[in-house]
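The two complexes that follow have chain A in common; it is paired with chain B in the first and with chain C in the second.
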Partner chain A sequence: MKVFAIITATPVDRVRVVGGQLDFGAAGKIDPTSRAALVLALGLSDDVTALAVTGLHSDDALHETLAYGAKRAIAIDNVNAAKINDALAEARLLNQAIHELAGDEAAVVFCGTGDDSLSPGVSNPVGAALAGLSGQEYIGGTTSVKANGANLDITASNDKSMLTITAPANKALVLGVSDPAIGEHTLPWAGSIINAYREGKVETMSVGIKEIEPKLTLNQLAPAPKREGPELLTESPAEAAAALVEMLRSRALI
Partner chain B sequence: MDFTLPKEYQLLQRTLREFVESELAPVARDTDRLERQTDENIRKLGQMGMLGMPFPQKYGGAGAGELGYCLLMEEVSRVDSSTCTIIGAHIGIGAMTIYLDGNEEQKQKYLVPAAKGEILAAFALTEPGAGSDAASIRTTAVRKGDEYILNGSKIWITNGPTAGVLTVFAVTDKALGARGGVTAFLVEPSFEGFSVGKLYDKMGIRGSGTAEIILQDCRVPKQNVLGKVGLGFVTAMKTLDGGRLGLGAGSLGGASAALDDLIAYAKRKLACGPHGRMEALAHQQYVQWAVADIAADLYALRQMVYHCAWLCDRGEKFSQQSAIVKMFGSDIAGRAIAQVQQIMGQDGVMVGSNVERGLRDERISRIFEGTNEIQRTVIAGEIFKQVGIRL
Partner chain C sequence: MDYWGSDTGWSMGSSEPAASSGGGVLAIVFGDYLNAGKALLASAHQLTDELGASVNAALFDGDEAAGDELVKAGAHSVYLITSDSDSLMAGYPEAIVTLAAQLLPAAILLTSGRQGDELAGLLAGRLGGTLVVGANALSVDYSDQSLIASQPVYGGAAIASWKLAGKPQIVTLRPGTASPMLDESRRGKAEAFSFTMPASPLQVSKSNSPAPTQELNHASVIVAGGYGAGEDGFKLIGELAALLGGTVGATKSAVREGWAAPAQQIGMLGATVKPRLYIAIGISGTPEHLMGIAEGATIVALNSDPKAPIFALADYGIVGDLHETLPAFITRLKKTQ
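Take a look at the complex of A and B:
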């Protein structure tokens, strides 16, 4: 069994004033659900590999996983990584990386729900897509995982119910983690934080997927309705500006 | 020049902030009201590595140096000066004496458990007749076989009631006085002749225990001499350099928190504007000027604290700078918190408000570990020494 934790860095979600200066909250830290996923992974194994697709703050978030106790922290790089803006593309990179890292061993992958703003309404799109791509079982809402001999006892819950599942430890799984409270009071030892940067190393792994399929655009889903009234259909910015001024003049706005 | 905090310290600072906001802030008022920090919180501080922040990891510390210690003091002081005082006495002056002058055996026996938070440390120098004039201590230590017999009393000892080890300074040769006649000893509360006397009822930092220590024929093994016989005053003075820096960092946190309270208050509180309209207090010029003045002071203090910590971590001399940091920091913190309280009016004097507690807590910072008048003497002494005048 090879244990992985998928990490995303938290977005700038809480800007406030600290000591009279702007503090960008948790920017550059592990996303709370990713931290929950990491905490569950570390509870299952002391040999956890943290993975993150290269992006804004991913390096800091991966260093933080080392502070928490991850054995390896790997940034998944791809020539198109900067263009990744959807769950499926991210899952494709992660899937390939996990496939290469796990080899013949069964991969147990913990994945937080992360920032769902790119796929609103979809619970843990990366985890679900990862499971779909790899043909693995997906269990969402995981709240605890314990080794029990040759099996794993997995508890999953949502607002309405709680489910306990026993799965063979040699079976590949993707475990979705959505409760940020799981890792809330788990903070790393101060010495580990210092070591994470002074001694720890975030590895980079290039994954050979040449093209990332673009995200569906809004136009593809629902073309914008044609509006009535004048249009600024011009070739150059100068022409567009002139047409705009003319239009505003005609309406006595300038 | 790069003034950016190194990445590991940025993560440390954010983690400390998360810890103090989730664990200490919710109980800070109770810590003050009940006059004690809970064992549970002390245990958590130890688990996080906070009680050994500057010390090397081989001695159970976090290896974060003086800069890490200053960040810790700043963040803790933002929410709870009592706990900051416990940490300051434990690390800054208690355990630090062992780190600076202890032999390997003493470090293993006392520093390692102190750094892990298994025991608290304290620093016992002040006496009824020797406060700022530390060279006038009268507690005696007389060698008798394999032991020293200590007699005297120490006052205002932070962590005195709870410490597992205390660095006690005593006169071993009266004729030599401070220069060669004072020795430091590591004393355990279990030693015969040791007792905790009066517990002090303080105006502020009420959550930190402060006590009188009584030494009555207290028997201390000779192995517990810290450093060399006769050089205790040197140990005390170099330890206090770092202690003062930590106090300055604490003032930085306290003043920062006051400014944040003021900004939030000025945004929330409505007052009558010039045209009879109700508007946020922030539109009042006297509030804007107060915010600007405090922000300017904080900007200066922050640079001072981090620079002085940098000097210390590089192994450079920083006596003058740490005295400046302590003096300037506690002066501006006192001014800032009083200013914030004045603007908040009645809201700022209500018992239980942050600023009310902050004002009570802050007052001692201009007094302990050398009053600010003593700091001025130290600063001037260092300056005149450079031109050949010994004050």
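Take a look at the complex of A and C:
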């Protein structure tokens, strides 16, 4: 079994608009659900490879994984993810990298599904896309993974109930992790930090895919329009309540 | 896998379902979230009306009456599918891949959220094509019949507009992107659709532990109270949250007064939340509290002070006495459910 953690980076400071231009800040960090995915992976194995497709602040996040205890941190540099933002293209690169690194061993891949740096409130679909195109089982909402002899005992949430899953340990799997609270209080331990400082190095890797043709073209990237202020409902309480219910229903928010 | 041997465009030229020659839009709808499904159909119609392409819906765990509602909301055909509750993701991917192989849709739409975005990712991997998640606007480039999807990026600081190539074009739309339409005169058909679950080496069972969906950082609807709500107000807040299937949150001041538990605190020293709907009751809107609300939520504020800072962030506001407005809101919700 070979264990991987797919890492997404997020800027340390909130991205701002300064003088009409986007300011991405000077540094990045590991996305909270990617950290949760890494913590779960490290709980399963002490030989975890962290992978990221080269993009905005990706090296900063990969350095952090070494401090947490990842054995290797690899940036896939075929295409810069910040320029393409194509989840499928990213998944293809990751799939090829895992295929090359895992060899004959079954790969268990942990992937955070939050994406603080991109569209807010939206789940990162890269892990699920990776499972889809590689033909592997995908378990979303993973909360714990434990080795149990020849099996893995996994718990996951599907938003309605908790599931218990038993999987053969020699079966390739992709595990989506959506709870940033997992590992929230796990700090890198001193030994890992020292090793990362002394020997840690983010490796780069070009996978054996001749051409990745992104199918998304960026038409426009513009600062978000400034909020004009709220729409105020000023009628009597009963009328305001009725208008509010109508508005929320019409926008499918309730 | 490549179900699309030749280019399937949008044009159908008739109101007949797309089964024989492909094209059109397939909307994925879940029975528990019918309103969101109707909004998806409205978005689909905005794309296809001028091209005469068909709009079909896959409805999971809904009955014929729900199917009829989707027809009136814009679907030409509704495929009624019973999910497999003992399987991972309830068999949704297998069902949709099987249906898509028959219909060959040019586009597949889902509602954005954890379930929708992950399902869209799986489908994109299995079917090929292109994928954008969390879009808040959708249009068509008629020169080559490609979708153009806009999404907030970088924490909401910017809006990116993408042109999709290839087929199918899979997009998840944020709730509230379109308003459901209703045309009582519409006729269509709803038929059962069955699929076969492939054998899996995984053993899946439901655990006795409850899902953490009602924890703050998972909740999609939050009703939060501040110092202005008072102890009595929090009783109404709890009732409203239960009615909306949401969770109760609170400011530091309210927690300090003992009206809410520390685990319900939102803000700098509490939870950071990413709901799709945040209703703030008697909350003034201090920066320490507001930093706990991620960008992208629709915020409704109710406060007696028209100058409360919360109104600068809110999408909708009511200036008034919560002891009059909240009961009216609750009564109206119950009456219209």
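Here is the rule we use: the second predicted complex is superposed on the first by the 168 of 254 C-alpha atoms of A that agree within 3 Å, B and C clash if a C-alpha of one lies under 4 Å from a C-alpha of the other, contacts with A are read in each partner's own complex, and residues count from 1 in each chain.
FYI, a contact is a pair of C-beta atoms (placed from the backbone, for glycine too) under 8 Å apart; a residue touches a chain by one contact, two chains touch by 3 or more.
What you see is a predicted model; the values in this text were computed from it and never measured.
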First, second, both or neither for A:128, with chain B first and chain C second: second
Once chain A of both complexes is superposed, is A:179 in touch with chain B (first), chain C (second), both, or neither? second
Identify the partner contact of A:64: answer first if only chain B is touched, second if only chain C is, both if each is, neither if none is. first
More residues of chain A are touched by which partner: chain B or chain C? C
Which of chain B and chain C A:19 touches, first, second, both or neither: first
Quick one: is A:29 in contact with chain B, with chain C, with both, or with neither? Answer first, second, both or neither. first
Shared contact residues on chain A, chain B side and chain C side combined as an intersection? 17
Can you tell me which positions in chain A touch chain B when the two form their complex? 17-20, 26, 28-29, 60, 63-64, 67, 184-185, 187-198
Note: in the complex, chain B contacts chain A through residues 6-8, 10-12, 14-19, 22-23, 47-50, 53, 57, 61-64, 68, 72, 252, 256-257, 259-260, 263-264, 291, 294-295, 298, 302
Within the complex, which stretch of chain C touches chain A? 35-36, 38-39, 88-90, 93, 111-115, 117-134, 148, 151-166, 172, 174-176, 179-180, 200-213, 217-218, 221, 244, 274-277, 294-298, 300-301, 311-321, 324-325, 328-329, 331-333, 336
Write out the stretch or stretches of chain A touching chain C in their complex. 11, 14-17, 22, 24, 85-88, 91, 113, 116-134, 137-141, 143, 155, 157-168, 171, 176, 178-181, 215-225, 227, 229-234, 237-238, 240-242, 244-245, 247-254
